[in-house]
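Scrolling down, you'll hit the structures one after another.
The two complexes that follow have chain A in common; it is paired with chain B in the first and with chain C in the second.
Let's look at the complex of A and B:
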């Protein structure tokens, strides 16, 4: 009886905490489904604060033609480019660190991982002045570049690559594969889980970035979702229906990506924290 | 001979990443240090060597000193709160209890929200007529100014940042706790009255490594907090939420003094390294 009671109270406690964390998101979702003029009409707290009986998708259709809609597409484009180019760069580097024997390998590995561990935001401002000199402001290249070298992604891929048996490589070499062939046809196909984990890291880094896109890409053509949303919110007579719909879209997209690859996400988090 | 060849091939595979590393991390870091010793001269038109001039300017600047103070106060408050809460939640959500998985997922959900989007959401929550005051009113409590009060602005930011961050850090700790054999955990749990105490005294030492990682990584990320300040408070009221990262930004792009801003970046990074080094010593000293 006692353990059961304990389990019940733990369950209730967990439920209260979980719901507290969830309420802001539920509130955002609810308000994205009602006209902006009604956002503050339901704040005398009742169940109607968190539920809408007559939901409308009006805000979402308005979003499509707004700056935030355009910016969200930019975010998708920039994040996708970051993942594709970033995976190529990081996987190739990890291959260079795992498949060969040479003096100084450990040293190169240390330098690569340590330098990428310097948090990017700390050097965003000096880097942005350099990018200004190089005419990279308001270009997609400028937005994508900082995201493609990711120390954690290289680390994760290298750990995985180290587990690929040398016999496979030798067999491949005997069959006439060049080193690029070994990388492309042996390492990459065997490393799907690690590639997905690393891809998630690259994606989330780019999707969540704010300082960098604020410094480097704020014109109408290159602005990214979070920056556009914060601009919208900063206006004097912001349409909060639109703000909430934008917040939902910018949250649901990464949520779907994480949920789709949940296993790999948890694995990559776990391995980066435990090693 | 063969080894040498291998080294060159390896270098070819590493080249793109090394190039990124050099251009995107090392060069800007060096340039920040170098530029921090120069100043723009109107008289001579161009930059001139200024020695430690930018640094002494900063140190004698009242706003900068306040920003350092605010950042240190924020650091001392936010990190213990987030680490302790993440640990407690990790322990809670690794118990065998109904719905545990679902509740855990709800706590993790906010990590999908980009920090800037979270800041936008909470800017509406904290409005005088927003959700937070709606809740207080319902509970029969007086409404609060939140972001416009010198005393409440940092706690308000801490609540918002914890909403974003706690679920994320909890994931690392859950992974750590799950490494502890189930028998050990359950033995600790089944022991009645002091179950909670045992839980902490058994689990805590076994998750030292992920805990240390979370403390250090959380501290670094909190020293670089920017979006909520820029979106919610602009450093106010009266500079009471003017964290260093935001101060660097305004110095560089609102005030337009890029060389002093570079000096401030150097100080911010040095401060971060000093705090992290201190934590490492502390953690090692414990063992």
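Let's look at the complex of A and C:
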């Protein structure tokens, strides 16, 4: 009886915590389906605060005429480019750190690990000055570059690569594969979960990027999602219906990506370092 | 692998050399060269792009060969982002919007091009307050674009329900805060509103300065160098005690931030609302019936209203000083251009000629609801407007006071909190003095 009661109360507690996390998201979703003038119409907590009987998609159609539409496409482009180029760079680096034995390997790896311990925001300002000197302001290259070399992704991939049996590599080499062939035909196909995990990390880094695009200048052509969302909140007036609709759009896209790949992500984190 | 080391050293050396070369290039002064006569001027501000479309269109029509590209930076990050980009001598910004109380600090840091040769024109085309605010150490650094004032908006339906005669638009019949408080409570009891009074920016110095000034408390800054805090005067203490009490008693709501407050009034949940000229159009779409009256003052005090808004300045690192100057002059000195800056957002143009054409239209911004707004605006600008103080320490002042207002709003003792603010300001200004 006692363990049952315990598990029941734990379930209830879990449910309550879950609802507490979910309610603000529901509030955002509900208000995105309401005209902006009614956002604060239900300040006193009631069921109407979280549900709308007459939902309208007006805010979403209004989004199309704002910068958010273009910004979302730009964000997708920048994130996708970061994932593709970033995975190529990080996987190569991880391969170099896992497959070869050489003096100083530990040191190089240490530097890589150290690099992901430094918060990006701390180096963003001096880095932006360098980018300015290199004429990379207001360019997609400037937006993509900082996301490519990700220490955490290299770390994850390297740990995963270490688990790949040396016999496989030897067999490949005997069959005439060069080192690139070993990387391409043995390491990469075996590491799909780790690659997906690292790719997700690179994706999220870019998707949430806010300070960096502001620092290197986002003109109308290169504006990214989070900046456009923040711009919706004008100086003297904010249409919260529109802001919430923008927030929903910018949340749904990574949510779909994460939901689609979450299985692999858990697998990659769980298996790295254990094999 | 050993071969890698020299290669890495070469790469690092090339990188460092590249950085040095680059920064010295971008640091080259453009003062002697006004840059090309045609091309694209970049204009950076914090308003929505639509705000500046009319002025940009009008300018481009008058200046063939020059295009203006507007970049918006979110309001909350505007000052910090600009500070970083201007200090990095970012030539990607030609013209930018300057918050008037920040002119001194921006000028002191070398982030504004000296415009003193336009001094005579500015003197005749703008109000004395606007002329002074854009000066620092006897030089002109930016040109005023907009002006502002504050109104008392009231919920007509709620006041009628509570049997309260609403205030009139006549500045001579201006209500006191005490009257607003009493009427607000009646509206809460029997007028059907949830709150009695709400400020649009409840934690902003711009909005709260008039409270203290009305009681003779001063701006909060004194001394020849304008770097001595004076926020513990009787006026400041009394004003903040009253302000804190409006939240403690439930007359005003806590927990809703600046500019999130308008929708609360538009939904009919507040009896009185203090807001700017932009609200004259924003509230037009509200379902409630409302009216507009002059900003109240304290009983026994004097009427004081806030003023000032955004100016335009030129980035000294811009390599297109000539074209930047042409756009800046068009948007401020030329009445047509200045008027175009305020055709989308309801904000008062700073150019006196433009203002003369603009103000009468304010009465009809939202039909009969905005009747009297023009006369109030004209009266306030002539009799009651007080600018924010001109000081190189204004940025710190605004930040420190903003936090103090937030704490007072949330129940901290006003006297001790103002004392704390004095200490913080003294510390912050020590390094500037």
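Methods note: the second predicted complex is superposed on the first by the 261 of 275 C-alpha atoms of A that agree within 3 Å, B and C clash if a C-alpha of one lies under 4 Å from a C-alpha of the other, contacts with A are read in each partner's own complex, and residues count from 1 in each chain.
Everything that follows uses one rule, which is that a residue touches a chain if its C-beta (ideal position, glycine included) is under 8 Å from a C-beta of that chain, and two chains touch if they have at least 3 such contacts.
As the structure is a computational prediction, the values presented were derived from the model and not from experiment.
Asker: Overlay done on chain A, so just call it for chain B and chain C: clash or fit.
Answerer: When both complexes are placed onto chain A, chain B and chain C end up clashing with one another.
Asker: Now for A:27: first (chain B), second (chain C), both, or neither, which partner does it touch?
Answerer: So A:27 only meets chain B here.
Asker: Hey, is it chain B or chain C that touches more of chain A?
Answerer: Larger number of chain A residues touched: B.
Asker: Does the superposition put A:208 against chain B (first), chain C (second), both, or neither?
Answerer: Touch partner of A:208: chain B, not chain C.
Asker: If you stack the two complexes on chain A, which partner ends up touching A:49: first (chain B), second (chain C), both, or neither?
Answerer: A:49: touches chain B, not chain C.
Asker: Looking at A:254, would you say it contacts chain B, chain C, both, or neither? Reply first, second, both or neither.
Answerer: first
Asker: Go through the superposed model and pick first if A:103 touches only chain B, second if only chain C, both, or neither.
Answerer: Touch partners of A:103: chain B and chain C.
Asker: So, does A:237 touch the first partner chain B, the second partner chain C, both, or neither?
Answerer: second
Asker: Answer with first, second, both or neither: which of chain B and chain C does A:139 touch in the superposed model?
Answerer: In the superposition, A:139 contacts neither chain B nor chain C.
Asker: Go through the superposed model and pick first if A:67 touches only chain B, second if only chain C, both, or neither.
Answerer: Touch partner of A:67: chain C, not chain B.
Asker: Touch check for A:13: first (chain B), second (chain C), both, or neither?
Answerer: first
Asker: For the superposed three-chain model, which listed region of chain B (37-45, 109-117, 163-171 or 253-261) is the one that clashes with chain C?
Answerer: Clashing stretch: 253-261.
Asker: List the residues of chain A that touch chain B in one complex and chain C in the other.
Answerer: 39-40, 43-44, 102-104, 125, 129-130, 214-215, 227, 230, 233-234, 240
Asker: What residues on chain C touch chain A, complex-wise?
Answerer: These residues of chain C touch chain A: 1, 18-19, 21-23, 25-26, 42, 46-49, 69-77, 81, 84-85, 88, 90, 92-93, 194, 253, 256, 259-260, 262-264, 266-267, 269, 276, 278-279, 282, 285-287, 345, 347.
Asker: For a test of understanding, state which residues of chain A touch chain C in their complex under the given definition.
Answerer: Touching chain C from chain A are residues 36-41, 43-44, 67, 102-104, 125, 128-130, 132-134, 137-138, 214-215, 217-220, 227, 230-231, 233-238, 240.
Asker: Note which residues of chain A are touching chain B in the complex, please.
Answerer: Per the stated touch rule, the residues are 2-3, 6-8, 10-11, 13-15, 17-19, 21-22, 24-25, 27-28, 39-40, 43-45, 49, 88-90, 92-93, 95-97, 99-105, 108, 111-112, 115-116, 118-119, 121-123, 125-127, 129-130, 145-146, 148-149, 154, 179, 183, 207-211, 214-215, 225-227, 229-230, 233-234, 240, 243-244, 246-247, 250-252, 254-255, 258, 266, 269-270, 273-274.
Asker: Can you tell me which positions in chain B touch chain A when the two form their complex?
Answerer: 3-4, 6-7, 9-14, 16-18, 20-21, 24-29, 31-32, 35, 89, 92-93, 95-100, 102-107, 109-110, 112-117, 119-125, 127, 129-131, 133-135, 137-138, 163, 167, 171-172, 175-176, 179, 190, 192, 195, 209-210, 213-214, 220-221, 224, 226-227, 230-231, 245, 248-249, 252-253, 258, 261-262, 265, 268-269, 272
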